[in-house]
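The structures come next, written out as C-alpha cells.
Paired with subunit B in one complex and with subunit C in the other, subunit A is shared by the two complexes that follow.
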Partner chain A sequence: MTRYWIGRILQAIPLWIGASILVFVVLQIAPGDPSVLLADPSFLTDEQIQELRESIGLEDPLPTQYMRMMAGIFTGELRSFRTQETTMSMIRGAIPTTFSVVFVGIVVALLLSLPLGVAAGRRPGSFLDRILSAGVVVVISFPAFVLGIILIRLFSEELGILPASGIRPIDATGYNPVEMLPHLVLPGLVTAFPLIPILARYTRDAVQDTLAEDFVRTAYSKGLNEGTVLWRHVLRNALVPVISVIGILIPLLLGGAVIVEQVFELPGIGRITVQAAILRDYPVVMSTVLFSAVLVIAANLIVDFLYGVVDPRIRLR
Partner chain B sequence: MNSRFIVGVFIIVLATVSALAAPWISPHSPEHQELLSRLQGPTGSYLLGTDNFGRDILSRIIWGGRVSLSVGLLAMVIAVSVGVLVGAISGYFGRAIDAILMRFTELMLVFPAFFLLILVVASFQESVRPEDRGMILVPMLGLTSWAVSARIIRGEVLKIKQRDYILAVHSVGAGNARIIMRHILPNIVSVIIVSATVRVGVLILVEAGLSFLGLGIQQPQSSWGNMVSDGFPYMRQAWWFTVFPGLAIFITVLGFNLIGEGLRDLLDPRSGKGRAV
Partner chain C sequence: MNNLEIKIYKPNRWLLRFIPAALSALVFLAACGSDDATPPTMVPVAAVTDTPVPTSKVGGGVVMSLNHPQSLNPILNPVSTTIFNSPFFFNGLTKPGDGMEPLPDLAEKWEIVDKGLSYNFYLRKDVRWHDGEQFTAADVKFSWEATCHPDNARGAQICGFFSAVKGAIDFKAGNATSISGIKTPDPFTVQVEMNQIFAPFLTVSAAQMILPEHVWGKVAVKEMGAHPASRGTGTIGTGPFKVNSWTANEKIELEANTDYYEGRPNLDSLILRQTSPAPPAIAARLSQLKVGEVHAMGLYAAVPADHVAEIEASSRNQIRSLTGLANQYVEFNLRNPLFKDVRMRKAISYATNRNELKEGLWLGKADFVNGPIHPIHSWAINPNTPLFDNDVDKAVALFGELGWTKGSDGILQKDGKKLSIPFQGCCGLASYGPVLQQQWKRAGIQVELEAMDFGSFWGPVYLAKKHVIAGLNLPYGLYTDPEYPMGGYFTPGRNRSGWDSARGKELIGLATSTSDQKERAKYYFELQTVMANDVPNLWLGIPQEHWGFAKDLVIPEKKTGYLTVRTAKDWYWKNR
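== the complex of A and B ==
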C-alpha cells in the first residue's frame, strides 16, 4: 500500500518538472525583452539595457537561468520583477482566499447536486430527470462572469444583503470563517453553479446503476426503509464516480476561480496571476502557474486516495 | 429528427448569418458614438440600448459576433487538428511513441486551462497591435486546448485498431498512413465532429473570459467578452450594457452544445452517459 503511494508520488514529480520546462520554454520564445519593462527603454542607452539584463540574469546560459528559477521557487527566493516581494509570500497570502472559495463551491455543489441526483436516479425518465438532463446543457453554456455580475447586482446592490467584493471585512486581520461566510456566499455560488448539474447527472447515473445491484434488493428484503437504503447503501456506492468527477473538474474549478476572483475582487491566486500577466511580471506568473499545476497533481492523488476510503474494495487492487 | 439538434442549428445559423451580414443588418455603425445618448435603455432607435460612449449595443453585438465566432471556430480547427493528429498517431503506433505523446498530453492537462492561457497570452500579446489581438488569440487558444480531444481520439483509435478488418488491410499491404487516413479516421469521424462542436462552445466561453479579464480582444474592437467587462462598472445604471452581450455569449454557446448533444444522440444512440464532461 505505502509502496503504491510512494510510486504514485514519484511518478508525479517528472510530470511537474516537465511542466516547469514547458513554462520556461514559453517564456523564452515569447518576443520582447523583460528588462525593458522595468524602465522606459527610450531613456536607456544600450549599455544600460545590457547592465539591466545582466543584473536580472538574462545574459546567463538558458540552463543556468532555468536552474536558478527552479532554485528560486524551492527556496522561496524568486521575486516579483516589480514589487521585489517573493512570489512565495504572494502565493501564501492568496491561498486562504482561493481555497475557501473553491471549498465552499464544492460543498455547495455537493449539497445541492446529491439530493437532486438521487431523486432523478430513483425515477429515470421522470419530470425532474428530464429537467436535469436539459439543465446540464443550459448551465455549462452560461458564462460564469455574467452570472457573477447578475448576482452582485441582485444581492449586493438591489437587496443589499451580501457584500459584493472582498473575502473578509475590511478591518479583519485573520481569516475567521464566520466573518468570511457572507463574503463567500456569492463567489461560492458562482463556483458551484457549473458543477451542480454535472455532479447531479453523474450521481443520477450512478444511483440508477447501483439500484439494479443485488445488494440493494437484499437490503430491502431485510426490511430496511427506502431512506436508509438510498442514503446508506446506494449513495455510498454511487459516490465513487462522483468523487472521480470532482478530481477531473479541479483544473476547471481553479480556472473558474480566476474569473470569480476578478468579478468579486478577491485577492486570490487567480487575481494575482491576471494582474501579473497584464504587467508582464514573469516570475509571479510562472510561480502561480506552476503552483496551480501542483494543485492539480495533488488533487488527482487525493481523489485516488478517497476512492479507497469510500470503497474499501478498491484499496486491495 | 432530434429537437435539440434542430434548435442548436437554428441558433448557430442565425448567429453566423447575422455575423456575416453585419455591414447590412446592423442598425448603426458599431463605432459611431452618440455622446448625447450615452447609457440609454432599449428604445425604438437603439433596440438593446447604448453603452457609455453612446454606441449602439445591438450593432456592437452583431459585429462582435464576427470576432467571437471566428476566434472560436478557427481555434477549434487548430485544437481538433492537433488533437486528432496526436491521438491517432499515439493510439495507432502505441509503445514508445504512445508513451511520449501521452506524457506530453498529460503535461498539457496538468495546467488549469486558464492559467496556461494567461501565461501564454501575457508573453505574446505585447508583440502585436491591439487590433490584431484576435489573430494571435486563435493559435494560443488552439494550441493550449487540444489535449482533451487527443485523449478521446486515442481511445477510439485503440478500439478500432483491434478490429479484424484492420488486420486484413494490413495483410494486403496497406501502409500505416493509408490505414489511419482511409480505414480508421472515417470510423471515428462522428466522435471528432461531436468533440469539435462542443469545443467551439468552450473556446467561445474561454475567449469571452479572457477578454473579460482584459487579456483577450481589446478595445476598440468589440468582442462579447470585453463588452460585458466594459459594462460591469455601469451595471447599476445600465444593466443592458452587460446583460445583452452576456446573453449573446450564452445563446451561441448553448447553440453549439445543443448541436453537440443532438449529434451525439443521432450518430451514436447508445451513448448517453457523461455528456457534459
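== the complex of A and C ==
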C-alpha cells in the first residue's frame, strides 16, 4: 500500500513540472511587457528601460528565466516584479482567505446537495427529480458574480445582516474564525452555488443505482426502516462517486474563487492571481498557478485516500 | 553677484506674513546686494494660501478605497500611484496649493536665485520622523541622490525631475559619487545649483517625498524594494499619518501622527483599502460605500457617472463632483499614410460630437479643454484654440477633397477600398469607443473597436507605436505642473503619435526653461494653437470625478481629487 502511495506521489511530479512549463510558455506568449508597467517608459531613456528590464531578469534567455523562477519557488526567494515581496509570503498571506471560502463552500454544498440528491434518487422521475435536472442547467449557466452582487444587495444593503466584503472586519488584524464567520457566509454561498446541483445530481444517480443493489433489498427484508437503510447503507455506498466528483471539482472551486474574491474584495489567491496577470507580474502568476496545481494534485490524492475510508473494500484491494 | 535675482517666498495667512516676509527680503537684499545686482522680485505671499478648515472634531477612523502603490518607498514607484499614496505618510519640501502652486512643506521658505538657476531651501526645524529622529538637510540630499542612484532603475522616472540639477546626469550614469549641485551647508539648508532653468522645479522636483537617511542609508539601493520598510514594516515618514501595516491586496493601515508638525490629524486612523478596476469589484465597492464598510472613494476608485444618483439616494452618503483626472483623447498614428494629410484628421474631428459624449455618456458632468493641459493649470490654458467639432457636412467635404466618397452602404471608399480604421485602446475605450464608432459612422467611417486590457494595449500596441488610432487618457489631474505629460507624451521625437512639429518641440522646451509663469503661459498658449491646427489628437472631454463619501464625514472642498486626498489630515466626523 505504501508503495502505491509513493508511486502516486511520484507520478504527480512530472505532471507539476509540465504545468510549470506550460504556465511559463503561456506567460511569454501573452502580450505585454512587465517592465513598462513598473515605470512609465515615456520618461525613460532606452538605457534606463534596458536597466529596468535587466533588474527583473527579463533580458536573460528564457530557459534561464524559467530555471530562476523554479529555483525561487523552491527556495521561497522568488519575488514579485512589482512589489518585490516574496511570492511565498504573498501566498502564505492569502491561504487563510481562499481556504476558508472554499471550505465553507464545500460544506454548504454538501449540506444542501446530499439531502436533495437522496430525495431525488429515492423517487426517480418525481417533481423534485425533474426540478433537480433542470436546476443543473440553470445554475451552471448563472454567473457567480451576478449571484454575488444579488446576495450583497439583499443581505448587506437591504437587510443589513451580513457584511458586503472582506474576510474580516477591516480594522481587524490576523484571522479570527469568530470574526470571520459572518464574512464567509455570502462568499461561501456563491462558492457552493454551482456545486450544489452537480453534487446533488451525482448523489441522485448513485443513490438510484445503490437502491437497486441486493444488499439494500436484504436490509429492507431484515426489517430496517427506510431512514436507516438510506442513511446507513445506501448513502455510504453512494458517497464513493460523490467524493470522486469533489476531487474533480477542486479546480472549479479554485477558478470560482477568482470571481468570488473579486466580488467580495477578498485578499485571497484568486485576487492575487488576477491582479498579477493584469500587471504581467510573471513570478506571482507562476507561483499562484503552480500552488493551485499542487492543491489539485493533492486533492485528488486525498480523494483516493478517502475512497478507502468510505468503502473498506477499496482499502482492502 | 552679477545679475542676481532673488525671489523669497514665505506663505500662509498673507496679512500676517506678507510684511515680515517683505522686510526679511529687503534685509537679505541689503546684505548681499551690490551696485550691479538687479532688483529682487517678490512672489506675492497672499496668492497662495490654504483653504481655511472649519472647526473640526478629533477622533474616529475612515476607510477609503484607493489603489495601492507597488512599494511604500516612494522612490521605487511610477509617479502615477505614489503621488497620491505617499503624502499620507511622507512630505516633500513643497506641496501643491489650490492651483498647484508650490506651498512650503518641509521647507519653510526658499529663495529662487538667478531666475531659477539655483535654489536655497530653508528647512523647518520642528519636523521629526515618525521614530522621533530629527529631520535634516541630509535626508533631502540622501533622498534625491537615492532617487537618481545608478542602481535605482525604478526611480528613473522621478529622477528625471532632477536631471537639470548640476551633476545629476553624471551621478545617474555612475560617473560621480554624489550630485554636485546639491549642497547642505548646514543641517537646515539645502542649496541646489541647476545646469539650466527647469520651470517645474518647485512644483514637481522639490515636491518629491523625502526619505529618512537613518533608515535607508544603511540599505543598498538595489535591496530597497525587498526591505521590510518598503512593505509597511518599519516604514518611517514625516507625514500626518504613520504606517501601521500593509496587507497586500487588502489594506494599508495608518494611524494619526500626533506629533505632526502642522498639528495632529483629526482622524485617529485611516485605512486605505485596495481597489480593483474589474467591474465586479466596482459593484462591490459601491455596496461597501452604501453599507458603510467604506467611507470615502475617489480618484481611480471614484463613483462611475451612472451610479451617482444611486449613491446620492442612499441615506448614508453624499457625492461631490470634481474636475476629473484625465482628458479622454484619441491619438492618430501619423506614421500611417492614412493620417499624413491634416485634412483627414480634421475630417474625423468634425465627425466627432463632443457634446453628445458629454451629455449622453458622462451625463453632462464633464469639462472640456482642447489640449493636453489639465484645467487645474488654468493659467496655461488657451481658451481660443480652433476646434473642429460636430459638423458632418464639413467632414464629408474634407473626405471628398481627399478622394473618399460614400458607397451604397454609406461607408467612404477610395480606389475600391473602404475607410475602415482599427481603434485600439484600453481603459475607458469600452465606454466611449462605441459612441465614437456611431458618430464616425454618420460621416462614413467604419471603425473596428479593439478594447484591450492595459497590459495588452500599453506595451505591445501603444508604446510599440503599432496603433492606428488609439484611445487614451492620462491622469493629468495628478500632476503639479503642465510640463509633466508634455515631455514624455507630446514632445516631437519622443511622442508615439509621430507628431513632428519643430515649433511644437521648441515651445515645449521654452515653456520649461523660464520660471516666469506669464512667459510660460504665452508658450503654452501658442503650443495649444499649433496642436489644435495640426490635430495629432482629438480631445474628447474630462469626465468629472465623483467622490462618494459618508454624509457626516467632512472633507475640505478642493478642485480635484488629488488635492482632496492631500487634505486627509483635516478630514473629520461631524457627528461621531
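In this section, the second predicted complex is superposed on the first by the 310 of 317 C-alpha atoms of A that agree within 3 Å, B and C clash if a C-alpha of one lies under 4 Å from a C-alpha of the other, contacts with A are read in each partner's own complex, and residues count from 1 in each chain.
In the analysis below, contacts are C-beta pairs under 8 Å (C-beta built on N, C-alpha and C of every residue); 3 or more make two chains touch, one makes a residue touch a chain.
Bear in mind the structure is a predicted one, so any value in this text is a computation, not a measurement.
**Student:** Kindly say whether there is room for both subunit B and subunit C on subunit A in the superposition, answering fit or clash.
**Tutor:** They clash.
**Student:** Would you sort A:Leu254 into first (subunit B), second (subunit C), both or neither based on which partner it touches?
**Tutor:** Only subunit B is touched by A:Leu254; subunit C is not.
**Student:** Quick one: is A:Ile91 in contact with subunit B, with subunit C, with both, or with neither? Answer first, second, both or neither.
**Tutor:** Neither partner.
**Student:** Let me test your reading of the model: by the given contact rule, A:Leu211 touches which partner, first (subunit B), second (subunit C), both or neither?
**Tutor:** neither
**Student:** When the two structures are overlaid on chain A, which partner does A:Leu52 contact: first (subunit B), second (subunit C), both, or neither?
**Tutor:** second
**Student:** Is A:Pro163 touching the first partner subunit B, the second partner subunit C, both, or neither of them?
**Tutor:** It touches subunit C, and subunit B stays clear.
**Student:** Using the superposition on chain A described above, determine whether A:Val234 touches subunit B (first), subunit C (second), both, or neither.
**Tutor:** A:Val234 sits against neither subunit B nor subunit C.
**Student:** Between subunit B (first) and subunit C (second), which, if any, makes contact with A:Leu27: first, second, both or neither?
**Tutor:** first
**Student:** Please indicate which partner A:Phe43 is in contact with in the superposed arrangement: first for subunit B, second for subunit C, both, or neither.
**Tutor:** After superposition on chain A, A:Phe43 lies in contact with subunit C alone.
**Student:** If you stack the two complexes on chain A, which partner ends up touching A:Thr83: first (subunit B), second (subunit C), both, or neither?
**Tutor:** After superposition on chain A, A:Thr83 lies in contact with subunit C alone.
**Student:** Which of the stretches 261-269, 423-431, 495-503 or 531-539 of subunit C runs into subunit B once the two complexes are superposed on chain A?
**Tutor:** Answer for the clashing stretch of subunit C: 423-431.
**Student:** Show me the subunit A residues, by the header's touch rule, that subunit B contacts in one structure and subunit C contacts in the other.
**Tutor:** Touching subunit B and subunit C on subunit A: residues 30-32, 145, 149, 152-153, 157, 259, 262-263, 274, 278, 280.
**Student:** For subunit A, which residues are in contact with subunit C within the complex?
**Tutor:** Residues 30-33, 36-45, 48, 51-52, 54-55, 79, 82-85, 90, 93-94, 145, 148-149, 152-153, 156-157, 160, 163-166, 170-171, 173, 259, 262-265, 267, 271-272, 274-275, 278-280.
**Student:** Show which residues of subunit C lie in contact with subunit A when the two form their complex.
**Tutor:** Residues 61, 63, 70-71, 78-80, 153-154, 156-157, 160, 222, 225-226, 230-231, 245, 247-251, 253, 269, 271, 273-276, 278, 280-281, 283-285, 287-288, 290-291, 293, 453-456, 458-461, 463, 487-489, 494.
**Student:** Any idea which subunit A residues touch subunit B in the complex?
**Tutor:** Where subunit A meets subunit B, its residues are 15-16, 18-19, 22-23, 26-27, 30-32, 136-138, 140-146, 149-150, 152-153, 157, 197-198, 201-202, 205, 245, 248-256, 258-259, 262-263, 270, 273-274, 276-278, 280, 282, 285-286, 288-289, 292-293, 295-297.
**Student:** Under the stated contact criterion, what part of subunit B meets subunit A in this complex?
**Tutor:** Where subunit B meets subunit A, its residues are 4, 103-104, 106-107, 109-116, 118-124, 126-127, 201, 205, 208-209, 212-215, 225, 228-229, 232, 235-236, 239, 242-243, 246, 249-250, 253-254, 257-258, 261, 273-277.
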